[in-house]
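In the part that follows, the structures are each spelled out as structure tokens.
The same chain A turns up in both complexes below, where it pairs with chain B and then with chain C.
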Partner chain A sequence: MATAMETIKKKTVRINGCVASAQAAKYADVDVIAAYPIRPYTATMMALAQMVANGELDAEYIVADSEHSQLSIAHGASSSGARVFTGSSGVGVQFAYELYSPISGSRMPVQMMIADRTLDPPGDFGSEHTDALSTRDMGWLMGWSCDAQEAFDNHLMAFRIGEDRRVLLPQMVCQDGFFVSHITTDVELPDPGQVKEFLPPYKHPYPLDPRRPVSHGPQIMPEQGPPLQLERARAMEGCMPVIEEIHEEFARIFGRRYDAWLEEYKTDDAEIVFFLQGGHAVTARFAINHMREKGMKVGMVRLRTIRPYPTERVCETLSRFKVVGVIETNMGLGSVSSGGSLYAEAAAALYESPKRPLIMSFMAGMGGEAIVLKEFYWMAQKMIDAQKRGKIEKRTHWVGFEE
Partner chain B sequence: MSYTELSVWTRGIIMDKEGRDIVNSISTSARKEGKHAQSMENYVDNPDRTNCPTRKYCRVSDTVLENELTYENDHPNIVVLVEGTMVKGWDYMRGMPPGGTLVINTHYTPEYMMRFVPGADRLAQLVCVDAAKLADHKWLYYRLGQLGLDRLSTEGAAERSKAIAPDIAAPLIAAVVKTTGIVKMETIQPMIANQKAFELALHELHILPLNPVAA
Partner chain C sequence: MPAIEVQRQTLPILGNPNQGARFYNPDLPASEPFVPGHRTCAGCGPSIQYRMTSKASGDNTILVGPTGCMYVANSSYLCTPYNVPWAHTQIGSAGSFTAGVAAAYEAMIRKGKYKGTFPNVICEAGDGSASDIGLASISGALYRNHDCLIICYDNEQYANTGIQASSRTPYGGMTTFSPPGPKVPEAKTLYPKDLARMMAAGHPHCYVATASVGYPIDLMNKVRKGLNHKGAAYLMIYTPCQKGFVYETPRSIDLGRLVVECGLYPMWEWNPEKREYDYSFRPQTMRPVAEYLKLQGRFGHLHAEHIANLQKFANQQWQMMGVQLPEALIKSADPKNQVNMAASAEAEAVAQTL
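Now for the complex of A and B:
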């Protein structure tokens, strides 16, 4: 009998983030796909349509009349016990808003792929995280990938986490529009046997079934509300060890190890760090390498999972540095920092730390503009100035609009 | 250390695959040769519409590409016009450093086409190749009905054929590779579907030498 290693048929392909997501849905052998086109995530659904048409994937492919219907279809299909894949971008994510709470409230592990797009106005294809982030408190697991391989892996892990009986929550697996969704990189596609080992067939404990009648989402009295909400909150909070466990198992089976919450890059002796999520991490690493050549003690902490928010980890990790520069790529108009929403959560996580770093917010990459090396240098300089001064000049800087 | 940018200007849907085949085959070849290379669409040109100008990019470097996430080629060393009339109307020469190469699919001579090229002083050579004739092409415009079946917009890219350069892209790739050496001929030639047009083009390029840049 051949050893396990010999029978593994992996292959490396050159694909972009959108196609990587479609591949992940195929490997996960999804039962129902609910589609409605909007750039940039469209290419995922295009690829899945081809897979279904070619007979590579046996799934119900339903084209909805809008994102609201798309998520309604996903909700219904998931209630019947199907493994469901859907997705959207930008304003499409917003149009489906009504469904996010019901889906997590009825504990349906629907998976949604998000390729970020700036919200209107005006029409802009570029990536801002505001679309998905605006739904971050709706009870969905949520995290960002920084390249196509990580997107593929995150989709598989999210299915496994969300469908775990201890969790049963929907998942938003997010990637930047263009920076991940349209950039091709080498992606290792696993052997189907590995996926089978990692991701067992999905079985919801209480699917809609006429032989075993159950009610989903009935009208309730107000006093029945608190226990239901508490259950959902407990599921969200309680899934943290499950997430870590499943990342560990993923590493065992596929050989790629991710920290469930944070990626640290050159932070060992760092005094200032960028704190960000998503595809801009790729350029940040290059910028950090160049600054390190000049002797600057700079590093990066990348948030991989924002829901549930790894409060303790963020607090412990960021407390090791002198200055934290949050790179937002999202809009939090009139928020705590008058900038983005990542600042507010990082600052709240740091509040109980006895050794709080200086923290500032950078509005960069807005509208999906690429953050180029010299902008990272500019931000680092602002952080170094703050370190010398011992206090920040101001909470929020708009990169590219200031000296 | 060398770094080369190739920008391809093509027309949406009807010649979209041609543009994609050029940048994809060259970047794949470069990676096979151990270089760092990427190819991509211009993000805001898409989803493409029939006949609208769309751009495809390729970057080849000896060192890791640190600008992988930037949208456009700011300084193209090589520009390809997949359709001849595009020579007028857009500043496809923008950002080209001295010593560049312009390749046009046309039956006209480079001497004739020169008059339409903006900022031609940056060119080391202007290359014309009658790609449609060499690929024995029943001209694309008359085949829209048929093409509609095979060709969706870039975002869909649902070609029936996975063949690389079965059509007018083959002579254009031959022109780029022969006149610039961006990749080795022996690396790229085996992956081209239309070998006949590729071979023919190697002998039927019209090259106008212009301002060489001292090495």
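Now for the complex of A and C:
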């Protein structure tokens, strides 16, 4: 569409992650928004409320009575054929827990924005990924953005992926609380025409429509369960090529190219790599630059999409290195590594590799603390020590609590 | 793009010349959105209500079914009794899921994404959903005034889970969570949550009414009034449960009348325009509560004092509606004028062996 390209009116604005998410919902022309306040994601809903009040966006803006209601409203509206946007943080994500499986099980492409927050106790505004990660096996597409631009882009891509007839799955589009949600950066907003080209109107094949009556979610007998579960599992597995295809299409229309699964940073000759998700990647890049100046062969692999989990890609990629240090930023109490939950999945993905790297887990960025440069250096040293030793000292290190 | 005006339905009110009469021949709409083929018990009050309600609302209707009997026993995969769109939702999501459906249609019609008249959006919540776990979600939907009708089919217990007490279970009602025993001879010690009045008081802009399967035309008209009301409406309907109340199957409709006649289920409407209660519904007769209680096994353990307590409660209900109490009912509130249920000794023994 060469002629269309000439008339494209993009603009660059300075906004934070929360507002970038709200902008994405506006560009997607959502029909129903279900809001409930909890920090830090609230700013997204504040921005949307203002857009509706200004008449910039025509949507039903519902102030729900809880997160459980938010997700139920989203479920009902999506089931009726509307494009739906909701969101939450921390314990709010968990208050709605009951709805995650019903929404993915009824194959409703609800979109939920998450700005991470620690879980209680005690109340803490900081970012930890445990809130969203605790729902990771409920059949939602899920991934983390590391800055506001990527958040905007991920929201648009997630709508397109989730609403694709070959997929029909809900999406959790996650960003770190504060590190992404409240850091203001330059974000390029597209021309509405580009969005129109990229994101067709939402049309569910079987909405609640009196002209074509259907029953959603009737009671089943035990033997009717497995085929339905298998179908949902296949949808999750089968959407991987669709996700790649849509990332390509996004690059073609918007000119920003993302690998659907992994971002690699300075990994060409790297021997040790950090493996992480989300906003701490920005600091990691700086730390790696500093360490590179000292001649350390260190790089980073950032997981962009955790559901569906790119097992083959993680296996192939991480097998190229000598030591992998998983930065968790989530709680997996009593888990296989007694640390977080990312380790277990990365280790499982590597199990069939003929050339397994050493792998260890770092509990860093907990409570929403920044992972400072010297902590990256400390972690890198632990990885180098393990490389020399040919053996890890232990599976999980709590960064800042050890020598 | 300019917003498209949302067209809404107006359903005619049915003629009801002989309200309260035992026999009459009503002129009913032909549509049957709720058809046979479900797995509810014989004489199931909630499913009788379901048929009447959906018949009143017609084919341009969307039904929302939070978990409860009318989900579990009604809908079987590949074989559901709904001729109109229906969706299950979680037991705590009654009001919220319904709000989502209504909001979706507002937006889709306004934005030209759906071409048609706004559907009747009806939620069929059991009393467990409506009075306990989904209370906040329903209050939210009423407060926000989505154009929908939320029905509580009130069988006064959690029935499909095997008869457990809800906030609507009456004083003296035996359930598996409120059994009688030497320490608690009356079984349920708490009086039911006054759910419908709570909804009217808290959401006075809504049409709110109580109804009973004993008065089908009245019930169907209240459904239509609720649907015609632009905004949210709430209807609480007495629907006896043969399995939980333990009565002779053919007596469901009979109980639906007796419960009103004995004052345990006040019938009223809340008029949102005038902001006042309408107590003009009058049953043909007034009866002592014992006539209603004695037909049901769930009250078989009651002693004279418990029956008197229930009579006292019923008398208060009559008085709230401004009804002059006959001398006989005042006397019935005195335990001296009551006798133990005939089966009370046996009922206690049975309950204790469970």
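In the analysis below, the second predicted complex is superposed on the first by the 401 of 403 C-alpha atoms of A that agree within 3 Å, B and C clash if a C-alpha of one lies under 4 Å from a C-alpha of the other, contacts with A are read in each partner's own complex, and residues count from 1 in each chain.
As a convention for this text, a contact is a pair of C-beta atoms (placed from the backbone, for glycine too) under 8 Å apart; a residue touches a chain by one contact, two chains touch by 3 or more.
Given the structure is predicted, the values throughout are model-derived calculations rather than measurements.
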item: Clash or fit (per the criteria above) of chain B with chain C on chain A; value: fit
item: Spatial angle chain C-chain A-chain B, Cα centroids [nearest 10 degrees]; value: 100
item: Contacts of A:35 with chain B and chain C, given as first, second, both or neither; value: neither
item: First (chain B), second (chain C), both or neither touched by A:14; value: first
item: Dominant contact partner of chain A by residue count, chain C or chain B; value: C
item: Which of chain B and chain C A:65 touches, first, second, both or neither; value: second
item: Touching partner for A:209 - first (chain B), second (chain C), both, neither; value: second
item: Chain B versus chain C as contact partner of A:179, first or second or both or neither; value: first
item: Chain B versus chain C as contact partner of A:323, first or second or both or neither; value: neither
item: First (chain B), second (chain C), both or neither touched by A:286; value: first
item: Three-chain overlay, closest Cα atoms of chain B and chain C, distance in Å; value: 21
item: Touching residues on chain B, where the partner in the complex is chain A; value: 28, 38-41, 43-44, 46-47, 64, 66-71, 152, 155-158
item: Partner chain B, residues of chain A touching it in the complex; value: 14, 39-40, 42-43, 46, 50, 125-126, 178-179, 182-184, 279-280, 282-283, 286, 370, 372-373
item: For the chain A and chain C complex, residues of the former touching the latter; value: 31-32, 34, 58-60, 62-66, 68-70, 72-82, 84, 98-99, 102, 106, 201, 207-221, 224
item: Of all residues in chain C, those that touch chain A in their complex; value: 3, 59-62, 64, 71-72, 75-80, 82-90, 92-93, 95-101, 103-108, 110-111, 113-114, 116, 119, 136-137, 139-140, 143-144
